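First the structure, in the form of C-alpha cells, and then the observations on it.
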Amino acid sequence: MAGMSSLSAAQRFHAYANPARFMALSSRLVAPLGMLSALVIAAGLWFALVASPPDYQQGETVRIMYVHVPSAWLAMFGYSVMAVASAVALIFRHPLADVAAKSAAPIGAAFTFLALVTGSLWGRPMWGTWWEWGDARLVSMLILLFLYLGYMALWATIEEPVRAARAAAVLALVGSINLPVIRYSVDWWNTLHQPASVFRMDGPTIASSMLLPLGLMALGFTVLFVTLLLVRMRAEIMRRRVRNLRLARAASGAGA
Amino acid sequence: MTTSDLRLSARDLACERGGRLVFESLEFDVAAGEALVLTGPNGSGKSSLLRQIAGLLEIGRGQIELTGGDPERALGEQAHYLGHLDALKPSMSVLETIRFWALYLGGSAAAAQAALDDMALGDLADLPVAYLSAGQRRRLALARLAAVPRPLWLLDEPTVALDQASVGRLRAFMAAHLAGGGIIVAATHLDLGLGTAKSLRLGAEEMA
Amino acid sequence: MTDFLNMGGYAAFVWPAYGLTAAVIAGLVWQSIADYRAQTALAEKLEQLSGGRVRRAASSERDGEVQ
Amino acid sequence: MSRAFLALLLRDLRLAARLGGGGGMAVFFFLVVIAIVPLGVGPDRPLLASLAPGMLWVALLLAALLTLDRLFQADYEDGSLDLLSTGPLPLELVAVAKALAHWIVTGLPLVVSAPLLGVLLNLPSAAALPLTLAMLIGTPALSFLGSVGAALTVGIRRGGLLASLLVLPFYIPVLIFGVGAAAAASGGFEGEAGRQAFLLLGAVTLASFAVGPLAAAAALRANLR
C-alpha cells in the first residue's frame, strides 16, 4: 500500500476503541449542551453590557474584560484538554483521546486569538498602542497561539492518522511542560525592561458587581467549548471512517 | 490516427552518462505499426535510450528522427514516455490526475474519463491517489496514454507491478495502438506477445 | 439608547471586541457543523457505493471480533 | 499552450492548498520571526518602530525562501517533471507557472499579513501602506529569482538549504530598494528617495520576470538532461 500502515492494523486499532458508543452518547448531548451554552452566554451578555455598572477608573472599557478574560481562560483550558488527552493517548493508547486532542486544538486556538485581540482592544485606550510587550500575560498568550498553530500544522502535514496522532501527542506534552517555563521567562524579561506604562492589565480588584457577568460568560464559553469539542470529535471519527472506507474500496477495487 | 509513412530512425547514436560510455553507434528503424523491444542487462542503457528519444536526455553523438510526424511539434511532444515513476500526486483524486494530464498534454476531458474506464479505474474515480495500490497507480499512469493520442509510445518496463489481468489488458492496448499505425519502443524482460516486434539488444556486443 | 451605544466614548473598542468574539465563535460553530455534515455525507456515499459489502466487514471489526 | 499553462498553475495552487494549508506555513514562520524580535531586542517602542520596516522585509525574505525548495523538487521526485517537459509548454513557461504559483500561495499572504505584524513592532501607521505597497511590488521578484535557486538544486540532497544560500544574494537589491521605498515613503510620497526606491524596486521585479524563467529553464536542462 502506498505509504499506508497495513490495513488490518489501522482498522483493528480503531475498532478496539469502539467509537459507536461515543457517537451514540455524544449525539444525545450535543443539542442540549448547545442550548445551554446559548442561554448562559445570553444571560452573561445581558449582565455584561446592560445590567452592570461601568468601572470608576476604566469606565465602559471594562466591559471588554467580560469577553477577554473568559477567552483567555478557555485558551488555557483548551491547551490543558489537549495535554491531558495527549497523555492519555500516549499512555493508555486510547484513540478517542487522539481524536479529542485534535478536535480541541482549533477551538483553543480561536479562543487564544480572541483573547489576544480583545486584550489589545482593551489595552488600547490605556496604553495608546495596540500591542504592549510590557504585559507578560499578553506576550505569553501570543506564544500559546504559536503552540496551537504548530500543533495543528503537524496534524495537517502527516497523512497517516496513527503516526500523526503520536507525534502530535508528544508535541502537546512537550508544549505543556514548556508553558510555565515560557511564562516565567517572559515575566523575568518584563522585570528586566521596566515597562513604561504603569497600568496593569487586571486593573482594580474585581468588584463584586463584575463577578456575575464574568462568571456567566466564563461558564457559557466553557459549555460552548465542550459542545464544539463533541461536534468536532464526531466529525473526526467520521473522517477516519471515510478513510477506512476508501482503503477498503481501493483494496476491493478491480486488480488491486 | 497517424499517416502510414511514420518512421522512427536513429543513426550512429551514442550515449555517455557521467563519463561512462553507455552505448555507441546504435542504429534502428521502426515503421508505423511496428514495435521495437529493447533487451539487455540492467544498466545497459535501455532507459537512457528511451529518455534520449523522448528528449529528456542529451544526445551526445548521432541523431534520432521521427519522419512523417507533426513537423511543428518536437519529437518529445509526439511521444508518451512511461518511466519507472508514475508521476502521481497522492492528494489528487484519480479523476483530477487524469484530467490534468489530458488537459496539459493536449487531450480532452472526455477522453480522460474514457481512458479511466479502459483501465478499469472508473469506479475509483474520486478516490485520492494515496489510497491506490502499486498496480492501480501503474494503470492510472497507463491511462494517460489512452487519454492523449500520440503516435510514439516509449515504455520503460511497463508491466512492473501489474497483475495477470492488467498485463493482458496492456497487451491488447498496445496491439490496438500498433494496429492504428502507432510505434512502440519498449524496454522489458516480459514477452509482450507483440509477435512481429523487432528486437534490439543493448550492452551485449560491448561485453563480448 | 444612544449613550448605551456610545459606551462612554469607548464604543470604538467595546463593540469591535464583542463583534469579533461573536464572529469568531459563529465561524467556529459553522465550520464544525459543516465539517461534520460533509464527512457524514461522504461516509454514507462511500458505504452505498460499496453496496454494504464494506459495511458488514466494518461493523464486524467494529465489535472487536477481528482481533 | 495557454490551456496547459493554466492547467499547471491551477494544479499547483490546488496542491498547495491541500498540503499544509498553502501559504499558511510561510505566514506562520513570518509571524514567529517578527514576534521574537522584541523579545530579543527589548520592548522599547521607539527602537522597535525604527527597526520595523527593515525587520519586516528581512523576515519576509526568509519566509519566502522557506518554501522555495519544493518548487521543482516535488515534481522531480515523482517523475512529473519529465512529463511536464514532454508537454506543449516550454520549460521557461513551466518555470513561470511555478514561480507565479509560489507568489500567489506564499508571496501574497505574506504581503497581506505584513501590516498586521507591523503592530507587534509598533510600526507607525503612516508607514504601513507604503511598506505593503513596496512588498507587493517586490515579492514577485522573490518568487521569480527564487525559482532559479530551486531549479539549480533540483535532485540534489538537502538542496533546499543550498537553494536559499544561492538565491539570498540576488534578493539584496529587493531588500535595499524595498526598505528604502517603505522607510522614505512613510514621510509621504513626495519624498524623492521614496519614489526613486519604488521605481528601482519595480525595475528589479520586471527584470526578474525576464531573467528568472530563462535561468530556471537553463538550470533545469543542465540538471536533468
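Order as written gives the chain letters A, B, C and D; numbering starts at 1 within each chain.
The rule is short, and it goes like this: a residue touches a chain if its C-beta (ideal position, glycine included) is under 8 Å from a C-beta of that chain, and two chains touch if they have at least 3 such contacts.
No experiment lies behind these values; they were computed from the predicted model shown.
A.B. asks: What is the chain whose Cα centre is as far as it gets from that of chain D?
C.D. replies: The chain farthest from chain D, judged by C-alpha centres, is B.
A.B. asks: Per the definition at the top, count C-beta pairs in contact and tell me whether A-D or B-D has more.
C.D. replies: Of the two interfaces, A-D and B-D, more C-beta pairs touch across B-D.
A.B. asks: In whole angstrom, what separates the CA-based centres of chain B and chain C?
C.D. replies: Each chain's C-alpha centroid was found; their separation is 48 Å.
A.B. asks: Could you grab the centroid distance between chain A and chain D? Build each centroid from C-alpha atoms only and quote it in angstrom.
C.D. replies: 32
A.B. asks: For chain B and chain D, what's the span in angstrom between their mean Cα positions?
C.D. replies: Measuring from centre to centre gives 38 Å for this pair.
A.B. asks: Round to the nearest whole Å and give the separation of the Cα centres of chain A and chain B.
C.D. replies: Centres of chain A and chain B (C-alpha means) sit 53 Å apart.
A.B. asks: Could you list the positions in chain C whose residues touch two or more of the other chains?
C.D. replies: In chain C, residues 49 touch at least two other chains, as defined above.
A.B. asks: Touching at least two other chains at once: which residues of chain A meet that condition?
C.D. replies: Within chain A, residues 246, 249 contact more than one other chain.
A.B. asks: Which positions in chain D are in touch with at least two other chains?
C.D. replies: Where chain D meets two or more other chains at a single residue, that happens at 19.
A.B. asks: Hey, which chains are touching each other here?
C.D. replies: Pairs of chains that touch one another: A-B, A-C, A-D, B-D.
A.B. asks: Would you pull the chain D residues touching chain A in the complex into a rising list?
C.D. replies: Interface residues on the chain D side: 19-21, 24-25, 28, 31-32, 35, 38-39, 42-45, 119-120, 122.
A.B. asks: Quick check: in the complex, which residue numbers of chain A touch chain C?
C.D. replies: Its residues touching chain C are 8, 11-12, 15-16, 18-20, 45, 49-50, 54, 59-61, 63-64, 67-68, 71, 106-107, 110, 113-114, 117-118, 121-122, 124-125, 224, 228, 231-232, 234-235, 238-239, 241-242, 244-246, 248-249, 252.
A.B. asks: Using the touch definition up top, name the residues of chain C that touch chain A in the complex.
C.D. replies: Against chain A, chain C makes touches at 4, 7-10, 13-14, 16-18, 20-21, 24-25, 27-29, 32-33, 35-36, 39-40, 42-43, 46-47, 49-50, 53-54, 57-58, 61-64, 66-67.
A.B. asks: Note which residues of chain B are touching chain A in the complex, please.
C.D. replies: 90, 120-121, 123-124, 127-137, 139, 163, 165-166
A.B. asks: How about chain B: which of its residues touch chain D in the complex?
C.D. replies: Going by the criterion above, the answer is residues 51, 54-58, 73, 76-77, 79-81, 83-89, 91-92, 96, 100-101, 103-106, 144.
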